Structures are given as C-alpha cells and as structure tokens.
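So, here's a batch of structures to check.
Here come two complexes built around subunit A, the first alongside subunit B, the second alongside subunit C.
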Partner chain A sequence: MDPVFMFDVLVRLIPPLGLTIALSLTALLIATPIGLGLGTLRATLRDQSLAARILDLYVFVVRGTPILIQIFAVYFLLPMTGLKLPLFWMGVLALVFNSAGYQIEIARAGVNSVSRGQWEAAAAIGFNRSQSLLTFILPQAARRMAGPVMNELSQLIKASSVLSVITLYELHKASEAIISANFRFVEVLIVEGFWYFVFVYTLVMIARRIEKRFSASGGLAEQR
Partner chain B sequence: MRGITKSYGAFKALDAVDLDLRRGEKLVVCGPSGSGKSTLIRCINRLEEPESGLVTIEGQKVGAGGAELIALRRRVGMVFQQFNLFPHLPVIDNITIGPRRLKGMGRAEAADRAIALLERVKLADQAHKLPSQLSGGQQQRVAIARALAMEPVLMLFDEPTSALDPEMIKEVLDVMLELGQQGMSMIVVTHEMGFARRAADRIVFMDKGRIVAGAPPREFFDNPSHPRLRQFLDNILGH
Partner chain C sequence: MSVSLTSFLEVMPPLLKAAVVTVEISVLSLAFACVIAPPLAIARMIGPWPARFAVSVLVEAVRGVPPLVVIAFVYFALPAIGLTFNGFWTGVAALTVVGAVYAVDIVRSSIESLGRGQKEAALALGFSVWRAYLEILFPQALKRILPPLTNELANVIKASALLSVISVNEISHVGHGLIFETFIVAEVIIQMAILYLVIVGCLSALSRALERRLAH
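Let's turn to the complex of A and B:
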C-alpha cells in the first residue's frame, strides 16, 4: 500500500464526497418529514381505507425491489412521462422514493407500538384523536422511532453510492473512475470507505446530540 | 341507558341492556368473565360504539361522535384495569394536562388543584415522579386523581384492582370508598365483594350480555334471586 497515493486519492475524492453529501442530505431532509408524516398518518388509518392500501402498496414496492431498480426506474421511466429533471434531482428523487418507503414503515410501527390503552385514556379524558396523537402518542412513539430512523439515515447515505449507475459523479463513481485508470482496487476502496464512514459517523453523532437535547428538555422523556 | 346492544360479529356482548343511575348513586357491576361488564361501561362514554340504544347523562343524549361526545367525555371519568397513565409525563402532568389543554386552565391553578387531588389519594409526595417509578396501587390512585381533575359528574371503574397485588388493593378501594362517601356517582365493575357490600347502593349481576339481577347489597348477597347468580356467588365467595 502506498500512503502517498492514498493521500492523493483522499484529496481527489473530496469534491465527489461533496456531491454525495449534497445528494444524501437533500434526500434526507425531504424523505424524513414525508416518510414519518405519512407513516404516522398510515397508523391512524383503517386498513381497508383507500389511502392505507395505497401507502401499503408503496411500502411493499420499495421494500420488495432492489434500490438499483428503483434508481433505473426514475432514470428511464420519469423522462417518458415528460418530466425532465436535472441528474442531481433524479438522484435525490430516487433516494427519497426509497427512504420514504422505509420511514413510513418505521413511523407506522412506532405509532402502533403505543398501546391502545393510551388512546383510550386520552379519549376518556376528552381529547380528540389529533390531540391524543400529538400530546400522548407521538412523544412515546418518537422515542421508539429514533433508533430505526438513525439506522435508515445511514442506509440512505450508503445507498447513494448506487447512484453511480446513472452517471452521477459522486463518491463511488469517482472511486470507480480512479480504479479503472490504475486498477489499485484495495487502496482506493479503503479511502472511499473511509469517507463514507466519516460522513455517516458525523451524522449519527449529530443525531445523537439532537436526541439528547430533546430528552433533556423533557420532550421525549420516557420510562427507562 | 336504554336498550343498549353491542355485537362482535354474530356474538351479542350486550343484549338490550337498560340501566338507570341516580345522582350520587354507587353501582357495582359483577358477573362472570365475558358477560359484558366492560362493554357495558365502555358504551357509556362510547369507547365502544353500541349498534342501538340510548345513553343519556343528566338529560343529555350521548351522541355517536363529534364535539358533543368529546364534551361529554370530559364530564365522565374512567379508570382502567391497566391504569393507562401517560408514561412520558410526570405524575403531576398526568393530572394537569386535561384541565390545562381542554379547559384552558392556567399552569399554577392546575398544579394547585393537582396537588390537592394527590393529597386526596394520599400521593402528594410523589408528584414529580414518572408513573413507572410508582407501584401499581399508587399508579391506580394517580389514575383516579387524573380522572377527578376534569371534575366529572360520573366515574366509571373497570376492574380497577384486578391488576394489583393484594396489599395494594385496599389502598385503592379506600380511595374509592371515600370518593363514594363524598357523593360521587360511580359505576364500578369489580369482583371485590367486600367493597360492593360496603360501598354500593345497588349491585347488578350480568350474564351473557344481560343484567339478570339487581338489588341493594344485603338483599343481593343474602337473598340471591337468580340461579346463575347463586352459582356465581358460591364460586366467588368460596362456599
């Protein structure tokens, strides 16, 4: 292994890392509110309702197909509908489509994990359903969702590497390009992996901070 | 309540039940498991929606939903077998949140009243703990205080001591007994026949979704009118 070469790769991968960060953070900021919002909505819908069926189908498709296919679907199918998006936004859209599906499921499971007795106690006091949800159910569900959501966010970042297949010059695509020029797989992949790790780790640390601040303020405090 | 009927599929959990309660009356409901006791009291505040029948409280009809039902629920307190306290809120907030959010009561006034209620259930020193830090009996007394905070005209209890260890049953029943002596209208589903004998103005016995017997405690126990009730009392009193 050649440290000088690896350092050179490390520096050369910074601009593509920037694109990976931009793609991931943009997708994350869009997918999280949409996914968690729709998942919460899903938990309050009756299973037979049309909206519930549509959401279930969406989650089923996202979970049942490889992200590679989802990305190609956005890349090839979207232009056929007449919608022309810049490549960057196609990438973001593919990531949002994927991550929102998983986050719907996370929020639905989180809300449903709060016992029916909590809804009943709130109703018996005289809270309506939306008040009950906001005041009693979501604060309890949020605590249970925090772990899975963080997990999903790191999945999203790593999934962004697959966007290399639609020629987005992000971290993984750039690494491939370097490899194809000199075939030094191991060294390049180590550096690439290092950058992903730093990014994911930083994000997880920030998320932990936010979570701590929430529970310190009592917003999400719960029995331990 | 008049002609209350509730089915689950083809099964009639409640079969055209009629029941009247005078103001300040304390009614105990007993009967074998599955006889419809819970369903009965849950139909009163519409946690279960009956197919037919009519519930009126102080002359007001309990509607199927909407603002009227919500308003009515604020005047009917309910205590559950499993306590159902809000685990993410300290005891005091469990009690104040209803008055503050639903009646627009100020923080200080709500807290003062919550402390007074906690004194009434003998838990004033536990106000700032989380529910999970309390024993079952203490949690159930907080649940009673929480319901009382809305100043209900009627309190419903669904087997409030069934999930408790024997030592804690008495502390909860004592609070309920005192509440009754202060004139609260109460409907209590319980198997605690000692409590029924002391506290109830009237005891009704349910079987298969119907009220099959009802009488003041002495008559109820000493002179059971229905063969099914005799059998039930024999079992429960261990003769």
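Let's turn to the complex of A and C:
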C-alpha cells in the first residue's frame, strides 16, 4: 500500500463523491415526502380499495426486484415512451422510484403501529379522521418511523453506487475507472469505501441528532 | 412502447436458464453465510479482544459500503491471493461475504434478545462462557434467527443482480445482453422483474414454511 497514491486517489474521488452526494440527497428530498405521504395515506385506506391495491402492487414490485432492474427500467423504458431526461435525472428518478416504495412501507407500518385506542379516543372527543391523524396519530407514528427512515437513508446512498451501470460518473464508476487504469484495487477500493463510510455516517449522525431532539421534546405533539 | 407475446416467449428460455443460476448462487451464498456467521458472531461477543475487534471492523466495513464495492474487492482480491475461481464461484464468494456480515448481526441480536437470565443461569450452573453460548444460548436463539434470515435471503437474491458487473450469467447479466442482441427491451425488463418477484416470493414462502416447522 502506497500512502502517496492513496492520497492522490482520495483527492481525485472528491468530484465523483460530489455527484454521489447530489444524486442521493436530491433523490432523498423527493422520495421522502412522496413515500411517507403515500404510506400514511395507505394506512388510512381500506385494504380493498383500488388506491390501496395500486400502492400495494407498487411496494411489492419495488421490494421484490433488485434496484438494478429498476434502473434498467428507467434507463431503457423511459426513452421509449418519448420522455427524454438527462442522465442525472434518470438516476434520481430510479432512486426515487426505489426509495419511495420502501418508505411507503415504513410510514404504513408506523401509522398502523399506533394502537386503535388512540383513534377511538380522538373520535370520542369529537375529532374527525383527518384531524385525529394529524394531531394524534402522526406525531406518535413519526417517532417510530425515524429509525427505519434513517436506515433507508443509508440504503439509498449505497444504492446510488449501482447507477454506475448507466455510466453516471459517481463514486463507484470513478473508482472502477482508476482501477482499470492502474490495477491497484486495494488502495482504490479502501479509499472509495472510506468516502462512502464518511458520507453515510455523517448523515446518520445528523439524523440521530434530529431524532434525539425530537424525542427529548416529547415529539411533535408538544411542540405545537 | 408495445409489448408482444412472441418477443416475450422468444427471450424466455435464456432468461429461465439464468434464473436457475440466480437461485443457485443465492441459496449457496446464504448457506455458506449461515455456516460462517455463528462462529463470527460468538467471536464478536465473547472472543479475545483482537478477534472481537477484527470481526467488528469487518462487519462495520462491509455494512458501511455498497455491495458493489465488496463484489469488486472479492473479484480482484481472489486472483491476487492465488485463487482463480470462475465467475459463478467468485459471485458466490462475494455474496457470502455480504450475506455473512448481516447474518452476524442477526445472530448477535437474537442471542442478546434472550435476556440476561439465561446466561446468568448457565454460568451459575458452572458452564464456561463458551459452553453457555454454544449449548444454552445459541440453540434458543435459532428460532429467533429464522424470520430475519428469511428477509436476508430476499436481500441476497436482490444483491445477486449486482454480480452482472463481473459477468456472472445470472438474470440481470443475461437480460442486459439480450436487450442489445435482440433489441427486445420492454419484454426483457418485464420478464426479469417477474422472475425476481417469483424467486423472492417462492424462496421466502419456503423459508417461512421451514420457520413454522422449526417453531414447534
């Protein structure tokens, strides 16, 4: 192992790391409201309704197929429908498609984990369903969602590496390029892994901070 | 975009053949992972500190980076240490590493979920720490290991798609090749998705049946 070479790689991987960060954070910012929103909606729907069935099918497909296939679908199928997106947005779209599916499930499970008694208590003091959802149920569910959402965040960052197959020059693609130029795979992969590690753990630390503040204040309900 | 049944059937034989490879790789990898995970988990919990440290570093490192990085590492590392496997076994080796580190955590949290009482009782009866873990705690934890392991099987199947980057002839690699050979796009992608759904569904159902069997 050659420290000078490793430092060189460390610096050369910074721009691709920037692309990885841009892809993951953009996807996260779009996928989280969509996923958590639809998941909350799903929890309030009857299982037999059409909307619930469509959402269930979507979640089933996302969770049952590899992200690689989802990326192929966006990359190959989307242009066939006449929609031409730049590569960056194709990557973001694939990540959003994937992550939203997982987050629907997180939100649904979170809302459903709040006991029925809470709904009944809210109804008993005269709240309608949407009021009770917003003021009673969601604040309690949000705290249970925080952990899984944090986990999903690191999954999303790791999934972004698969975008290397559609020639997006992100962290993994760039590392592969360096390896094929000089075959020093140990050094390059350690540096690449280091950057992923730093990125994932920085976000996890921030998320943990937010989570802590969240539960210390007793959740959303008492912040009102 | 139109989907035709003829094209769908045309690409079916090669994809089905590839599906067999996907199943073989996933099942073999998880089986190997299950063999090496319990000793690693126990080493991480009660081994001497160098062993604890080594296992922790391995687990955190592999979990903290994308599976593609692990696959690339195994792909380059095996020949570098003189082991030349074909694509299939390189893929199995890579997925075993990925599966094993997650399985280590599954085993560890299952043993830890048993409660202190079991361990204390075993120690009070004069068992050594090692025997307490191997003969008292681990057998009890087995039941709790299976449900998350079913989940892990699904993850390994999905991760096997990534082996297409090292040209293993599983579904994704064969499908990707078919797209460029035949210019049949939609049918190939839809069929790949269906195959994965079926494989994940069947294997999950199988292992859930096994779970119920062992629960008694």
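The rule is simple: the second predicted complex is superposed on the first by the 216 of 224 C-alpha atoms of A that agree within 3 Å, B and C clash if a C-alpha of one lies under 4 Å from a C-alpha of the other, contacts with A are read in each partner's own complex, and residues count from 1 in each chain.
Convention: a residue touches a chain if its C-beta (ideal position, glycine included) is under 8 Å from a C-beta of that chain, and two chains touch if they have at least 3 such contacts.
It should be emphasised that the depicted structure is a prediction, and the values quoted were computed from it without experimental measurement.
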{"item": "Partner chain in contact with A:V61 - subunit B first, subunit C second, else both or neither", "value": "second"}
{"item": "Partner contacting more residues of subunit A (subunit B vs subunit C)", "value": "C"}
{"item": "First, second, both or neither for A:E176, with subunit B first and subunit C second", "value": "second"}
{"item": "Touched partner set for A:F7, first subunit B, second subunit C, both or neither", "value": "neither"}
{"item": "Partner chain(s) touched by A:A123 [first = subunit B, second = subunit C, both, neither]", "value": "first"}
{"item": "Contacts of A:F136 with subunit B and subunit C, given as first, second, both or neither", "value": "first"}
{"item": "Which superposed partner A:Y201 touches (first subunit B, second subunit C, both, neither)", "value": "second"}
{"item": "Complex contact set, residues of subunit C against subunit A", "value": "1, 61, 64-69, 72-73, 76-77, 80, 154, 157-162, 164-165, 172, 175-176, 179, 185-186, 189, 192-193, 196-197, 200-201"}
{"item": "Subunit B contact footprint on subunit A (complex, rising order)", "value": "115, 117-118, 120-128, 131, 135-136, 139-140, 143, 220-224"}
{"item": "Of subunit A, residues touching subunit C in the complex", "value": "60-61, 63-69, 72-73, 76-77, 80-81, 157-162, 164-165, 172, 175-176, 179, 185-186, 189, 192-193, 196-197, 200-201"}
{"item": "Complex contact set, residues of subunit B against subunit A", "value": "45, 47, 70-71, 73-74, 76-78, 80, 82, 84-88, 97-98, 101-102, 130-132, 143, 146-147, 150"}
